[in-house]
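Look for subunit A in each of the two complexes below; its partner is subunit B in the first and subunit C in the second.
And now, the complex of A and B:
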C-alpha cells in the first residue's frame, strides 16, 4: 500500500531538465520532485531516458538546461563524488562492483567517505585508526546481516551469481548511509523468488533506515506494489506522474506501453 | 651424454668448489635484480590504479633522468627571447626540481589524457600510454638533446671486500634506496584508505565515482608516485650505464619481472626482479658455457614463459576471476 508522503518535505527537485548527446535528445524538459521518505519509481519503455535521469541526479551527466535542487541547494552541475559526499548513493543497471574484491571489501569501499583520520596513523594502523576501522567493520557487518549475505562475506564478488551481485551492490550503496538511494533496475534478470527478496529489502531500507529511494524498474507488478509515486517517461518526456493507481489508468501511459494505432 | 653432464652435474660441482665466488655471483644478481624491481614498481602502481599496462613507464624513467642531467648541467634557456640560461644546480636542488617536474607531468597527464578517457576500455588507455611514450621521447629530445650523458650524483662507484666477497658501493646504495622506497610504498598502498580506493578505481571507474572516490585525485597521486619511482630508476640506471635513449628499453626487462611477480603486487615486483636478476647471473656464469653463452639476454623471457604456463597471475598477483 502506498503510504501518504504528501505532507513530507521535498528532498530533490528536478526543474525543466533537458539533456542531449549530439543530436539525440535523451531528456526533454522534465520536472518532478522526490519527497523525503518516499519510494519514487521511474518507469517507461526502453530508451525513455530513465537511466539518463539517474545519471543527471548523481552527477555523471550534466544537463544542458534546467536545474536540480537537492536538500535546498540548487545547482547546475555536480560531480559524482560531490553527490556521494552529500548522501546520494546508487546502483547500476549492469552491476558495477569491484569484482576482484570480496563482498566485505566492496562494502567497506562503499564506506570510504565516512572514513577520516590521519594518514600516518592509518599507515601505522595505530590507535584511533584501528578503532575507526573496527567501527566501520561493525557497521558493514550490520548491513551484511540485514541483506542475509553472511556466507559470501569473503567471496570475491566476481564469482557470485548475478542475483547475489545485485544484492552486494545494494549493500555497498547502503554502506554509505545514503539520504537518497538511486536504484537502476534492481531486479533485472532475477527470478521470482529473488525479486521478492529484493522488494522486501527495498521496503525495509525505506522503513527502517528511512532512506528515500528513487528506482527504475521494468517489472510493473513490483513497481505498483512497492512505490509510493511513479513518474512515467517516454522518448525523454514526462507523460505521467502520480500514485500507482493514477498512472495505471492514464491513457498516455497505456499508449506508450502498448503502442497506439494512428488511423 | 657430455651435454647432459655439462648442464646437470658440472655447474653444481663448480658451485660446490668455490662457494665464495657463487656468493659473489648471487649478490651481483641481487643488485641487478633490484634495478629491475625499481622499473617494475612503476608499472605495478599504474596497473593497480587503472588496470592498464603503462607503455610509457620506461620513457618516464628516461625523461626523469634527462631532466635531472639537464638541470645538473644547466644552460637551459627557460625564458624565451632572452639570454637568461639556467645555471647548473647542485645535486639536491636538481633532484627536488626534477621531482617537481614529474609531479607537474602527472597533473598534465591526468588533465590532457586520462580525464578524457574515463570509463573507456583498458586497451584504449593502453594505446594512449603508447602515444604518451612517443610524445615524451620527442619532448625530451627537443629539450635536452639526444647525446649520451653521464650522470653523477656523488655516490662513489668503488668496490670493497668484506668476508672475502667483493661488494660494489654504488649497488649497495641502490639496493638500500629501493628497499626504503618499497617499504614506504607498501605501507602507503596497503594500509591506508588510498589503497582501497586505488583497487576500487582499477576495478570499475563508474562504481568508484559513485561511492565518492575522486578519480582525478587518485590518478594524479598514482602518476606522481610512479613518476617519482621512475626518477629513482632513471637515476640508478643512468648512473650505471649513462643517460641515453636506449634507457627507455629497460621497460622490456620489466615485463618478465611483472609476469613473474604479478602485475598487481608491489612485493611481487621486488621478488620478481630479484629472481630474474639472480637467475640471469647464476645462469650465465654456470650454465652459460654449456648453452653457448649470452643466455642473460633471453633467460628472463624464458622464465616468464614457463611461469605463464603454470601461474599466469604471477607469484603474488590477484587471482584472475572470470565468470563465464
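And now, the complex of A and C:
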C-alpha cells in the first residue's frame, strides 16, 4: 500500500534534464523529485529512457542540459564513484557481479568505500585491519541473514540461478549502506515466486533501513503494488507522475504504455 | 516484594527437585546443577555458532515460563509450537511443561487448513511460532479457531506492521517473565515441583496416512523413561554432538533433541536454515545422527554424481577402495575376523578415500547413526556401513515414544529392524500384525477414545498396524502395513510396500505405487527422480524441457523398464511373491507431493487417496490400453492450484519365470 510521503523532504531533484547520444535524444527536458523514504518507480515502454535516467542520477551519463540536486547540492556532472561516496548504490539490468567470487566476497566488495587503512596492514591482516575486517564481515552477515541467502554464502555466484544472482546484487548494493538505492529491473526474468520474494525484500529494505528507492520495472503489477509514486516516461519525455492510482487512470499512460484501454 | 528478598524463604529445594528427574523441567534443573557451564543449545546465526550453557538455558526458560504465565497460560492448557528447529522453540516446550501447560508442536510446512485442524482439535490457547510466515498462517485461520488467543513470535523480522494486540515478540514475553520472576522468586520452582511423571508432557499429531490426524498424548514418564532406556542402551553421554533438523512435530525429534539431550545432558545444535543443513552438518560433525533412509539415499546419489564428474585418478581410486570397503568394511565394523592385508589396505583407504569422503559429508565423528521410517535400500545401507559408519535401523512409532526395536551392534542385517529394546515386549498377533507393550506406550489419542480402544488393548498392548515376523534370533522383520497386504485374484500374496521399496531402491525411481489387491495382476505407477534421471539424460545428450517431458521420453521408459524387470527377477526368487510380479507400469508426469495430498508430511504414500485421484490411470493399466489422457490438479507452494494435462504411455513388462519347486531344490543341492 502506498504510504504518504508528500510531507517528506526532497532527497533528489532532477531539473529539466536532456540527454542526447548524437542525434538520438534519449531524455527530453524531464523533471521530477524523489522524496526521502519513498519507493519511486520509473516505468515506460522499451526505449523510453528509463535506464538512461538512472545512469544520469548515478553519474554514469552526463546530461547536456539540466541539473541534478542531491541532498541540497546541485551539480551538473558527477562521476559514479562520487555518487557511490555520497550514498547512491545501484543494481543493474543485466547482473554485474564478480562471477568467480563467492556470494560473501561479492557482498564484501560492497563495503569497499567504508574500508580505511593501509595496503600493508590489510595484506598482513594486522591490528586495525583485522578489527575492521571483522566489523565489515558482521555487517555483511546481517545482509545475508536479511536476504535469506545463508545457504549460498560460499557458492561462486556464477553457479547460482539468475533469480538468486539478482538477490546477491541487491545485497552488494545494500552493503554500501546507501541513502538512495537505484534498482534497474530488479525482477526481470524471475518467476512469480521469486518476484514476490524480491518485492518483499524491496519493501523491507525501504521500511527497515529507511532507504529511499528508485526502481525501474516492467511488471506493472509489481510496480503498482510496491511503489509510492510512479513516473512514466515515453520517448524520453515524462508523460505522467503521481500515485499508482493516478497513473493507472491517466489516459496518456494508457495510450502510450498499454496501447489500448480495456474497460 | 523487593529483589533483595529473592533468596529468603525459598520453599522448594532445587537440588531435591532435580534429583526426582521425572519431568523435563526437573531434568533441566539437574543439568544446570551438574553441568551448568557445558553447552546445552547451539544455533548458527549471522554465520557464527552461538551457544547457550545449561545455566543460560535455565535462565531463558525461566523467563519464558514466567512470561507465559503472566500472559495468562494456565496449567493443563495447550500451547502450539510452530517453526523450524530453533533453540527458543525447544525452550518454549520445556517452559510450558514447567508451568504444567502442554506443548503441541505442529508441522511447520503444513498448509493453513491442516494447521487449523490441529489447533482447533487440541484447543490451543497460545501459540509460539518462529516468525512472520507462521504468524500469517495463524492469522488466516484464527477466526476459525476461537480458542486461540495469544501468538508469540521469536523473530521480529517483517512484523513491524502487525499491530494486533494478541501478537507478542518472544523478547517482550521474556522481559515480562523476568520482571515477574523478580517479584515472585519462588514461582518457577514451585510450579516445577507440582509436576510429576504421570503428567501429560506433550501431544503429537501423527501425520495420518489415513483419515484425519490423531493427537498422541505422551506422559512425562513415557518420554523420560524411553529416553533414559535408549541413552543407557547406546551409552550416550553429555559429550555427544547432534544436529536437530527434522520436524519438531515428529516424535523422533522430540525424543532425540529434548528427551535424550535432557537425560544425557548433551548439546543440541540447530541449523542456520533449512537449506544449510548439509553445510551445518559438516561444521558440527555430529557424533550421533538420525536420518530417514531418504537422506542417506540423497547423500549417496550426490556422492555418485560428483564422482562421475571427478577426474580419472580419483574415480579409479574411489572405485578400488569402495570395492574393498564393500568386501571388508562392514565386517571390520561388526568386529569380525579380516585378513591382515585387507585390514592394512582398508586403513590406507581410510586415509585416501573414506576419511575425506566422510569429512565432506560431515560424518567424521559419527559414533552412532539411526535410520528408520521405511526400509533402507541394501546398497545404501551397505555403502555407509562399509565406510565405517555405524548406521543401525530402528523400528518405532509415535505411540511408543519412538523406540520399539533397535539393531544391536554387531548384529546388523539389512532386512530386519533389530530386537526389542530395554523394557519393550513384542508379539505377533494372529493376523500377522506386530504388537508391543512398553514404558513408552502412549496414554491415549486426544479426544478420540474410539481410536484409542482400537489401537491399545486394556492390558497395554498396542497394535502397530504393521505386518511382520520375528525370526529365531529375535530380530523383527517388517513386511508391509497389515491392512495393505492383499491378495491377487489367484490368491497370491500381494505386499505393495515390499514391491515399491524394491523399485525405489533404484536411483532413477523417486516414488512408486503398486496396485494388485483383488486384481488379475500387479501394476505400478512410478515417478522418476528428476536429479538422477536428469543427470543420466544430460550424459547421453538427451534434451528435455520439463519433468513431464523427461518422464515421457522412450529412453527413460526403457531405463525404468530395466529396473522393473530386475525387480520382477527378485520377486520370482521368492515362491510366495513370484506371482505378484509387475506386468504393466506407467511413468507419472509429476512427482508425488505432500501439497497435493499424495504423500504425508513425512513423505509416505497415501495409497487410497492416490488410488482415487489417479483412478483413470489405474483403469487404463488394467484395461489393456497403451496410453491414458489425464488432467490432474496441482497445488503450488504458495497455495494456489492449477491443472496439468498429460498423455501418459503405459508399458508392458515381461515377467520372470518362477522357479519350479523341483528346480529350486536342485539349484540348492548343486551349491
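The criterion applied here is as follows: the second predicted complex is superposed on the first by the 257 of 263 C-alpha atoms of A that agree within 3 Å, B and C clash if a C-alpha of one lies under 4 Å from a C-alpha of the other, contacts with A are read in each partner's own complex, and residues count from 1 in each chain.
Convention: contacts are C-beta pairs under 8 Å (C-beta built on N, C-alpha and C of every residue); 3 or more make two chains touch, one makes a residue touch a chain.
Just so it is clear, the model here is predicted, and its values are computed rather than measured.
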Clash-or-fit label for the pair subunit B, subunit C on subunit A: fit
Which of subunit B and subunit C A:110 touches, first, second, both or neither: first
Which superposed partner A:85 touches (first subunit B, second subunit C, both, neither): first
Subunit A residues touched by each partner, larger count belonging to subunit B or subunit C: B
Touching partner for A:134 - first (subunit B), second (subunit C), both, neither: neither
Partner chain in contact with A:159 - subunit B first, subunit C second, else both or neither: first
Partner chain(s) touched by A:58 [first = subunit B, second = subunit C, both, neither]: first
Contacts of A:148 with subunit B and subunit C, given as first, second, both or neither: second
Touching partner for A:101 - first (subunit B), second (subunit C), both, neither: first
Subunit B versus subunit C as contact partner of A:172, first or second or both or neither: first
Vertex subunit A angle, Cα centres of subunit C and subunit B, expressed to the nearest 10 degrees: 90
Distance of closest approach, subunit C and subunit B, by C-alpha atoms in Å: 9
Residues of subunit A at both interfaces, subunit B in one complex, subunit C in the other: none
Of subunit B, residues touching subunit A in the complex: 187-188, 191-193, 196-197, 199-200, 202-204, 206-215, 318-319, 321-323
Complex contact set, residues of subunit C against subunit A: 44-48, 157-158, 160, 272-273, 275-276, 279, 637-638
Partner subunit B, residues of subunit A touching it in the complex: 58, 60, 79-81, 84-85, 89-90, 92, 96-101, 105, 108-110, 112-113, 115, 119, 122-125, 156, 158-159, 172-173, 176
Parts of subunit A lying in touch with subunit C, wherever the complex brings them together: 137-138, 141-142, 144-146, 148, 150-151, 153-154, 192-193, 196, 200, 204, 207-208
